[in-house]
C-alpha cells in the first residue's frame, strides 16, 4: 500500500474556530490527516471551508484551537491558477523552488522534469500564462505545487472550474504523484462526486457556524475506483439526512435508502 | 542582465522598422501643415520646409545644440528627481491604506496648482538659477508619477499576494517577482506622461525665468516676430521628446512588458 | 467556327488570353518605345504625342489586360462564384484588341472610337465581377470593386481630357495610383497564401504570416491622398509630403513580412521587392517635389516598372500557372527575370540622376522589361494553347486542393 511506515507525520486540528469580527465562521473543527491519505472537506458555499484551508496554510492567523502540522513541506493549489502573468510557465513552476533558494539551473531542471510528466513541452514552458489555454494554466499551477515535493498538499477548489476531461486528467496526475510519493492531501470542494472519487475520507461541513457535520471513510485505493462505484457512493451520500441538511436539500427521498456500506462507505 | 540586453538588441531592428507607421503619420501631419500654410500668411504659419530649413540653420551654426543641451539637462534632472522621489513615495503610500487616503488630497492640491503658480514661487525662491526650471519640472511631474506608483501597489491582485504567501516567497523575491513587475506596468505610462510634461514645463519656465535654454530662445524669436524661428525651436523640442520617448523609454517598456503583448 | 473557338484551350479560363495579350502588349509597346527613343523610329500619332502613347498603352493596354485576367480568375475563387462565361471573355478580348487599334489610329480617325473601345472592356469587366463581389455575404473583397470603379474613372478621365485637347497626363498619373492601390489590395490576398505555404515548406510552425488590415488601410489611404493631391494640385509640396508619407506607410506594411528566413524564398522575396520598389518610388517622388532632388518622373517609373511591372509579372506567374493545373514554376528564369525587371526599374529611375548615361540606362531598362515579358510569352504560350494536363475544364488552381 501507498502509506508505507516511514512517514508518520500528520496534520492535527483540535477545536479550531475562527471569527471575522462578530461573525463566527468556524467552530470546533477536529481533524487528523496522516501521511499518504487524501481527505476531502465538502460543503456548501459559505461553510468556512476556505477559511479552514487558509488557517492550515498559515494564510490566516489562528484564533481558536490548535493546529499541529507535522509535515515538513506543504504546498497549495487554488481554484484560479494564480500564475504570475509576467513570468514564463517554466519560471512559474519553479517559483516555489526559487523561494527555497534552489539555484537557477537546478530549479529549472526540476521544473522541466515535473512539467514533462504533465505533458507540458518546451514550447509551452517558454510561454507566458495568458498565451496558454485554461487547461494548460491549471497544469502549470498543479506542477508548481507538486515540484516542491510537498508532504502535505492543500487543494482549494483546485479543479472546480475545469471541464470534465481536464478534471479526469488532473485527477489521474494527482493520484499518480501520490502513488509515487505518499503525501497527505487536504482538499476542499463543493463537488461531492469529486470528493468521493479522490478521497479516503470525506468530511461534510455544515454552515452557520462552519462545523464538521459528519464524515465517511472509503478504504479502497482512489486510483482503482470505477465510475459506477463513484456514482453509487455519491448517490449513497446524498441519501444521508445529515448530508442533505448540510447542503440545504429537502428531506430525504422517500425511496428505500441505499445502504452506503454496500458500496464501500463507512460512517466515521 | 546580459540576456535582457541581448534580447533587447535582437528586437531593436524590428522595433525601429515598426517606427515607419509613426513616421507615416507624422509625414501626413506635415502634409496637413504644408496645405494649411498655403492658405495662411507666412507670418502666421510658415510652411514646414522653411521651418525645417531654419532649424537646420540653427543646428549647423551650433547654437541650437547648446541651448537644447541646457534645456534637456534641466528637464531631465527635474524629471529624474520626480521619478525617484515620486515613485518611492507613491509606492510607500500604496502600501498603507491610511497613507493613500491621506495623500490623495495633497496630490489634488499639487495637480490643481497651476504650473505657472509654481514657477512664480520658484522664481522667488531660486531666482534666475537652474533651480527655477528644475523645481517647476519636479513639481509638475510629481503627481502623475506618485499616483501611478500608488495605484500600482494598491491594485496588486490580492490572490497573487496570497499565492506568494502560501509559497513562502522571501521579501526580496516578493519585491522583484511580484510587486515590481506589476507596479512597473503602472509606472511606465506615468513616467512617459511625466516626461512629456517635463519638456513642456521646462520651456515655459525658461521663457519667463532664464536667459538661456530653448525657452529663452523662444522669447527672443517672439520679440522679433520670427514665426519660422519659433516653430523651428518648437520642432526641435518636440523632436527631442519623440527621440527620448521612442528610442529610450518605449523599447525598455516593451521589453519589461513583453508578457502583456503576447496574448 | 465560333463554337470551335469558344471550346479552344486558349479560352479555357479568362487569364489565358488576357495574360498572354498583356505580355504581348508589354513587349510590342516597349520595343516600339525603345525604337522611337533610341533609333528614331516613328510612333503612331496620337493626341498628346509619343509619351502619352507610351503611357496609355502600358496602362490601358498592358496593365488593364493583366488586371482583367487576374480579376476574372481570382474573384470567382475568392467568393466561390462561377467563372466568367467564355463568350463574355471573348467579347472583352475583342474589345481590348479593337481598343489597341483604335488608339494607335486616333491621330487619323480622332479619339472617339478609341474612347468607346477603351472604356467598354472596363465596363464589361465590372459587369462580370460586381454582382459576385456584392453578393458575397461578408463583402470581404469589395475594395477590389472600388478600385475597378476608380480605374474606370481614370479611363474616362483620360479621354475626357484628350477630347478637350488637353495633355491627359493627370489621368495617367491617377491610373498609376489606382493600380498601386489594387496591387496592395491584391497582394495582401496572394501573400497570405504564398508566404504561409513557404513557411510550411520550411517547416516553420511557430510563426505565421498575417497581412494586417490596419497597416494596409494606412498605406491605401496614403496612396489615395497622394494621388488626389497629385491630380488636383500637380507639383505642390503638399503632394511631396504625402508621397513621403506613402513611402513610410509602405515600409510599415513590410513589418508583417519580417518572419525570418522565409523572406528569402523566391515568391516571397519577389512580392516583398514589389513593396520595396513601390515605397522607393514614392520616396523619390516626394524628394523630387520637396527638395528638387532627382525627378518626379524617375519615381513614377520606379512605380511603373518596379512595382507595377514586377507585381504583374509575379502574379501572372502564380495565378497564370496554378490555374492551368500545374505547380509553380521552379526554374531559374523566374528569379532572373524578376531581378532584371528590378534592375530595369532602377536603371530607368536612374536616368534622371545620371542623364549623361541616358541611352545606356534606357537600353538596360527596356532590355530588362523585354526579357521578362518576352520570357513569359515563350514559357506560357505553349501552356495556354494546350488543354490542362489534369483534365480540368476551367480555372481551378492546384493550390485549392490542399
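Here the chain labels run A, B and C in written order, and each chain numbers its own residues starting at 1.
To be clear about the criterion, a contact is a pair of C-beta atoms (placed from the backbone, for glycine too) under 8 Å apart; a residue touches a chain by one contact, two chains touch by 3 or more.
Just so it is clear, the structure is predicted and the values come from calculations on it, not from any experiment.
**Student:** State the smallest step count from chain A to chain C, taking one step as a move to a touching chain.
**Tutor:** Step count on the best path from chain A to chain C: 2.
**Student:** Of the other chains, whose C-alpha centre is the longest way from the centre of chain B?
**Tutor:** A
**Student:** Using Cα averages as centroids, what's the distance between chain A and chain C in whole Å?
**Tutor:** Roughly 67 Å separates the two chain centres.
**Student:** Could you put a whole-Å number on the gap between the CA centroids of chain A and chain B?
**Tutor:** Centre separation, chain A to chain B: 50 Å.
**Student:** Quick one: chain B and chain C, Cα centre-to-centre, how many Å?
**Tutor:** From the centre of chain B to the centre of chain C is 47 Å.
**Student:** Quick one: which bits of chain B touch chain A in the complex? Just the residue numbers, please.
**Tutor:** Those in contact with chain A are residues 159-160, 162-163, 165-170, 173, 177-178, 181-182, 257-260, 262-263.
**Student:** Could you list, by residue number, the parts of chain A that touch chain B in their complex?
**Tutor:** 57-59, 75-76, 78, 80, 82, 84-87, 95-96, 98-100, 127-128, 130-131, 144, 154
**Student:** So in the complex, which bits of chain B are touching chain C?
**Tutor:** So the residues of chain B in touch with chain C come to 14, 17-18, 20-21, 23-25, 27-28, 30-31, 34-35, 38, 47-49.
**Student:** Taking the touch rule as given, give the residues of chain C at its contact with chain B in the complex, in rising order.
**Tutor:** Listed in rising order, the residues are 215, 218, 222, 225, 229, 236-238, 240-242, 244-246, 248-249, 251-252, 254-255, 258, 290.
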